[in-house]
Amino acid sequence: MRLPMARPEEVDIALVGIPFDGGATNRTGARHGPREIRNQSSLVRRVHHVTGLSPFDRIRAGDCGDAPINPLDLMASLESIEAFYAEIRAAGARPLTAGGDHLTTLPILRALAKQAPVGLVQFDAHSDTYDSFFGSRYNHGTPFRRAIEEGLVDPRRMIQIGIRGAISDAANYDFARTAGVRIVFIEEFMARGVADVMAEARAIIGDKPTYLSFDIDALDPSFAPGTGTPEIGGMSSREAQAMIRLMGGAHLIGADLVEVSPPLDPSGLTALTGATLMFELLCVMAGG
Amino acid sequence: MRLPMARPEEVDIALVGIPFDGGATNRTGARHGPREIRNQSSLVRRVHHVTGLSPFDRIRAGDCGDAPINPLDLMASLESIEAFYAEIRAAGARPLTAGGDHLTTLPILRALAKQAPVGLVQFDAHSDTYDSFFGSRYNHGTPFRRAIEEGLVDPRRMIQIGIRGAISDAANYDFARTAGVRIVFIEEFMARGVADVMAEARAIIGDKPTYLSFDIDALDPSFAPGTGTPEIGGMSSREAQAMIRLMGGAHLIGADLVEVSPPLDPSGLTALTGATLMFELLCVMAGG
Amino acid sequence: MRLPMARPEEVDIALVGIPFDGGATNRTGARHGPREIRNQSSLVRRVHHVTGLSPFDRIRAGDCGDAPINPLDLMASLESIEAFYAEIRAAGARPLTAGGDHLTTLPILRALAKQAPVGLVQFDAHSDTYDSFFGSRYNHGTPFRRAIEEGLVDPRRMIQIGIRGAISDAANYDFARTAGVRIVFIEEFMARGVADVMAEARAIIGDKPTYLSFDIDALDPSFAPGTGTPEIGGMSSREAQAMIRLMGGAHLIGADLVEVSPPLDPSGLTALTGATLMFELLCVMAGG
Amino acid sequence: MRLPMARPEEVDIALVGIPFDGGATNRTGARHGPREIRNQSSLVRRVHHVTGLSPFDRIRAGDCGDAPINPLDLMASLESIEAFYAEIRAAGARPLTAGGDHLTTLPILRALAKQAPVGLVQFDAHSDTYDSFFGSRYNHGTPFRRAIEEGLVDPRRMIQIGIRGAISDAANYDFARTAGVRIVFIEEFMARGVADVMAEARAIIGDKPTYLSFDIDALDPSFAPGTGTPEIGGMSSREAQAMIRLMGGAHLIGADLVEVSPPLDPSGLTALTGATLMFELLCVMAGG
Amino acid sequence: MRLPMARPEEVDIALVGIPFDGGATNRTGARHGPREIRNQSSLVRRVHHVTGLSPFDRIRAGDCGDAPINPLDLMASLESIEAFYAEIRAAGARPLTAGGDHLTTLPILRALAKQAPVGLVQFDAHSDTYDSFFGSRYNHGTPFRRAIEEGLVDPRRMIQIGIRGAISDAANYDFARTAGVRIVFIEEFMARGVADVMAEARAIIGDKPTYLSFDIDALDPSFAPGTGTPEIGGMSSREAQAMIRLMGGAHLIGADLVEVSPPLDPSGLTALTGATLMFELLCVMAGG
Amino acid sequence: MRLPMARPEEVDIALVGIPFDGGATNRTGARHGPREIRNQSSLVRRVHHVTGLSPFDRIRAGDCGDAPINPLDLMASLESIEAFYAEIRAAGARPLTAGGDHLTTLPILRALAKQAPVGLVQFDAHSDTYDSFFGSRYNHGTPFRRAIEEGLVDPRRMIQIGIRGAISDAANYDFARTAGVRIVFIEEFMARGVADVMAEARAIIGDKPTYLSFDIDALDPSFAPGTGTPEIGGMSSREAQAMIRLMGGAHLIGADLVEVSPPLDPSGLTALTGATLMFELLCVMAGG
């Protein structure tokens, strides 16, 4: 969005990239997401066409660069990412992040939600609440299990929208359901529509602090082919935009857009979609 | 789907590839469909997220390899394909096929429906009931005319869904209509919706033996660009999945997914869609 | 569409290409649109599947080649394009054009609407009614402002459908609104649907002479990725086809399909979509 | 090369396309070669930079369109192609052809060399002198065996340059060697260099009528990736240009450039290379 | 190269981008060259492997951003580019530029060579000394004619290396030859080799101030496919690197690398090659 | 190469894939190398065209599948790979491996060279003898340092050919040089030629057990664009083939071909090159 580079203390909303995909188990490439989303964001302008308002008139936003990571050390990366976001939080800014794979949401939540668990709105094809994968407890299939276990997210204030796709075990959703997470499968979403589902989402999170995490694979791969684990039968870009707008007025402490994988995105459409959805998120976080 | 290789007598449902596109008249490449669908199927897992059931728990499924073909001899290929499927039928297995161009459905029907004509549910942009093309009676525009003429398909138990696109002659649909085939153009489909159209389809085929043939060009090319004769304005993947699920309980003697053309599919999306729809077909054929 | 080359006086409807994108400010490539649309149009056949009619049975149509342009001289190109269309008009033919960037609509209107302002139906993601851009009054963001100022278009008989995307200034739509142009944003379009919006469009243009301009970026980039300034959240191909068909019976003096950019369209889908929509436009212009 | 369309009797050299790849056994697509070579040839200009001469100043050249083929009937296509070239020959023109797979050279030779066998210079990775393939005697691995057997080519006046790649049987080259064909493997070519090999080629063909056939897979796939059976370790474009120029003064009755497969050529480089080499061939055929 | 952003007065060598291709007459896209070259330059490290030296240890280098341009106004862009480089010169820095089309070299020379004509070493497939093109005197086919006419370049101290490809008129090279420019066609280059040609180049330019301009189409398109007017039969990357290194010790007042066109470069190879050659140029300009 | 699947004890030469790229620090994707190399190897036939011999006539070769890895645990993967190769060795077979990133050579050497250090011929753009990278001692920049330190490779019997590209520190080659490794930079290679360099390589390794490791980035990216860290100015495929053939008669205990990255290889050329070079390696290992 042609934003100036900034330090956290200079902004209200800090745009951050996390060039890390060490949590991906199959097709990698999300590490290149931040760069390509920045490239495509040069096509995005300043004023929202529906509201007629520009976020840049109401809050200070800036690009705070990439979080430090180590491509060869997953656990060290989780720590350095958390430390980076702790600084942002200490500076009083709210982060809006371009991932990276979905595991990167975990260290963000560790930095933002240490004091008290937050609500979570998750747009995704996958629940990402596995216990472990390949014997590892930290990968892009487990972040929200860990976040619930660590007390970062209140599962009764958590909703997952767009879940779908064949799974490896019928028990995959048991943890989330038992914990109280509301799972809206894509079939229910299609039957009820955007407005109804988002009304429920708003009721679930209430007025308290909430984080929003948008995995680009929530979208159908015709809209976002460039991602590691695409699942057909997803949302349209239209629906995604409408849902984000219906988050207006929520108490958002941060948001992210993850799993854009440029090597799998020859046309650049996925990165453009990611950049546009980040603009929508920015408008909502800016209060209008 | 990471299935083991198997012989027909070891399985209830035999997955088969037909690497043949000698029936294509314009853009070829469907001969490479089976290989790429197998590649992409490694992204598909075991349990259906809606039913919570795995087909692999209820039936034995295996990959029986590719049907033998001769890329230089269309008529010989029709014979060798038929013989291959006759063996599968003799072994008591039902075939689920990855094409190949749409002509390959003809030898399958010859092997499966010699005793009595079967019902047919065809998802397609094109009726494929030409009499001949370039002077040839055997190509990917004629299989269902031949199948009706040969008594393999009962035209009054046959329905085509998704037909659209400019045609070369206004009389193109006359044969099918006269024979009693129900043609649901895409405009009617859009107006009535998935549930209503599929209720009609189920009424037409009834409880008797039926074959299901899914030409990937039934989908809009935004969902399945990699096919020889794409037509804009087609179905979405969502709709295709919903329709296949509504085939649950039908008496299916076999099914195919044809016309995936990898050379025209740089992102792999079409092959992924084909693999996922084959998983949906497998679930339906497995009885749930 | 495998049409013969023709001179304007030999046809009722003249298909023309304008290989010019000198009005584009960011990503160029629309200059190659006409060639690639011609290539893809070889997949389009003669008879419309809904009406069962062929435009070629009712009117004479031919490919009148490309309008002369100078890639290095924007103003000279505007003049040579206008002169080319003036000849077509003098010969009694109506033009159906493959662009080119959207600025190319201006010289067409100059040739066709000198005597009296015409009505205009514009499908587009962008209003294209800027006053100037980079200090220039003639580029692909300004053609309809110029057309209104020059008295070529009657703004009270003008409607824009599909407008969306972040803008650089909240006042961007003020000129069009003040002049009386009806702007249907994509959100209103989605809420009301194709039939309702097109009924309004027909009421606005009435029976008097009207031009139709279709910017391919009106479509969602999942349907038409190959264009210079894609905006997510657009129309589907289905909706576009339905809307064009609802123009049947309008008094169309010409139409264009612009902003197809082959270098940004590796799969060819955008050019195929453009060619198919041009066939729909041809059917409507041919009177059925 | 922006040439006018022409009838054979209007030209000295007739450029012809053969959109046929029914002789290909693995990866098809060469049927689209003529169209894409024409597209890319718009980048080629009129005057050769080494000689300073333009072929168009010395001979009449024109695009005589595509030979008629039937994509579903190989044998019928061989006949219709032969008939088309027989007309060209009867009109006194010499053909310069864009293929098509390599089998298409056979009907050309049948039309041109019925009276007496001609010499042949073949640039190729493969000898194409199999007896049969998949039981078929007519495919892109057999044309030169058939041509020798039918007395169209004098094997002692025949040379193959650039042969390489693993073969299915050690006896593959026996027919050609026994018949007297000179095979220059790529290793010998590299060791001796362009000038030495071409001196031998000129000695072999002498002053008598000779045909030149250039399979684009003679080039290394880094120069020409878009072909059905690429073999690494081939010639460079530089070397190909130098060799064609060294054919100057030979008695060429025709030439072809085959096996350009656009679906396998996303960058268009192979078609551009094909178009440029055809310009080189045209210059040589034009006598300078 | 992960360089810091800098103002001209802070550096000895100023890296600059010119995102302008308004001088291109056929395939555009070079306007996106600077961004993609910067992206790919992140793969380039600090120390030259042959010399074992790092330019960053000997001079101060920084990225001074993009020159201001107006995509809709060629003449205004020439002026704003010239003004930008005049500032760099006034600050005492030498510019190393990523284009842009080749016309952008003209305003650079106007800024650097106003006092006295400079020598020029040009690597290129095209002479770029047309008088005009499409009636325009300022486009990417004319910069060096203008530079000679304006007294910016001394034609007797100018050499062009790698020239090739069909031309539109046999007189195309007359101006350059008459003015005293040394043209080394690719055939002469291949016959003599890198060392011999570069020895001549060094003799021609002598010790006096010289500019180096590298058009990426000097390379064969197998090494650099992403450019507007590729010509087969060019140099290899190896040869280009060797030639640049042989410029060591020359009195270089600036250099550029132009005509990288990312929309035509799906694999990114051309931009990577451009970035690597710019590193070679930087090493030579830094004195070793 | 259409080889049968086999267990190690059934073969003399075991073809193995290692789908692991956890050692890559920038662009990943080599984990998909084995699958795509297998796909492309279907284009490779049985008999070498120079020798006229088939390796399959002299030794038993089979595809032993993929080594087990954990994409989320680098150290565990090193152990499981080593164990897999220890089994192959115990069965008396020699492994020929398709990587994977270059780190995967380390566990292979641990399995094969525990008793005594072996010689090593390494074709590569990079020395891969860093001490550590991002604080990690195990990544694709360090395998040969570790192998020397662990006594698996005798550095005085080790040669690296093709090294080039900017480095991060002038001291990068110090470890290898001090240890006695012979480094042949690409410039020396170009000056001396294939035969001379390979004669030296054979003298260095002598008759004792030797391993051959071929990093595909030894090739110029025009021949092998699909790799994580391409460096321009590399070898040609021709040269690579010639060098491998000159290894005939050496005492090879195993070989690998690594760093083919399919997501970066849209045309498939890199995988085809990898498959062909593996056939050359197989021929050499088979003794002819």
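We call the chains A, B, C, D, E and F, going by the order they appear; numbering starts again at 1 in every chain.
Rule of thumb we're sticking to: contacts are C-beta pairs under 8 Å (C-beta built on N, C-alpha and C of every residue); 3 or more make two chains touch, one makes a residue touch a chain.
For reference, the UniProt names are A, B, C, D, E, F = Agmatinase.
Predicted model, so just to flag it, every value in this text is computed and none were measured.
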{"item": "Given chain C and chain D, the chains that contact each of them", "value": "B, E"}
{"item": "Given chain B and chain C, the chains that contact each of them", "value": "A, D"}
{"item": "Contact-graph separation of chain C and chain F, given in steps at minimum", "value": "2"}
{"item": "Duplicate of the B-C contact set - from A-F, D-E or C-D, the pair where over half of the pairs recur", "value": "D-E"}
{"item": "Farthest chain (mean CA position) relative to chain F", "value": "C"}
{"item": "Separation of mean Cα positions, chain B and chain A [Å, integer]", "value": "38"}
{"item": "Intercentroid distance (Cα basis), chain E paired with chain A, Å", "value": "43"}
{"item": "Chain centre separation (chain B, chain D; CA means) in Å", "value": "40"}
{"item": "Shared interface positions of chain E, touching two or more other chains", "value": "26, 220, 222, 264, 266-267"}
{"item": "Overall pattern in which the protein chains touch one another (line/ring/star/complete/other)", "value": "other"}
{"item": "Interchain contacts (touch definition) - all pairs", "value": "A-B, A-C, A-E, A-F, B-C, B-D, B-F, C-D, C-E, D-E, D-F, E-F"}
{"item": "Of chain F, residues touching chain E in the complex", "value": "26, 163-170, 172, 185-187, 190, 220-222, 225-226, 229-234, 264, 266-267"}
{"item": "Chain E residues touching chain F - in the complex, by the definition given at the top", "value": "43-50, 52-54, 220, 222-223, 236-238, 241, 266-267, 269, 272-273, 276, 279"}
{"item": "Interfacial residue positions of chain A with respect to chain F in the complex", "value": "21-29, 31-32, 70-74, 76, 133-136, 138-139, 263-264, 266"}
{"item": "Footprint of chain A on chain E - complex, ascending", "value": "35, 39, 266"}
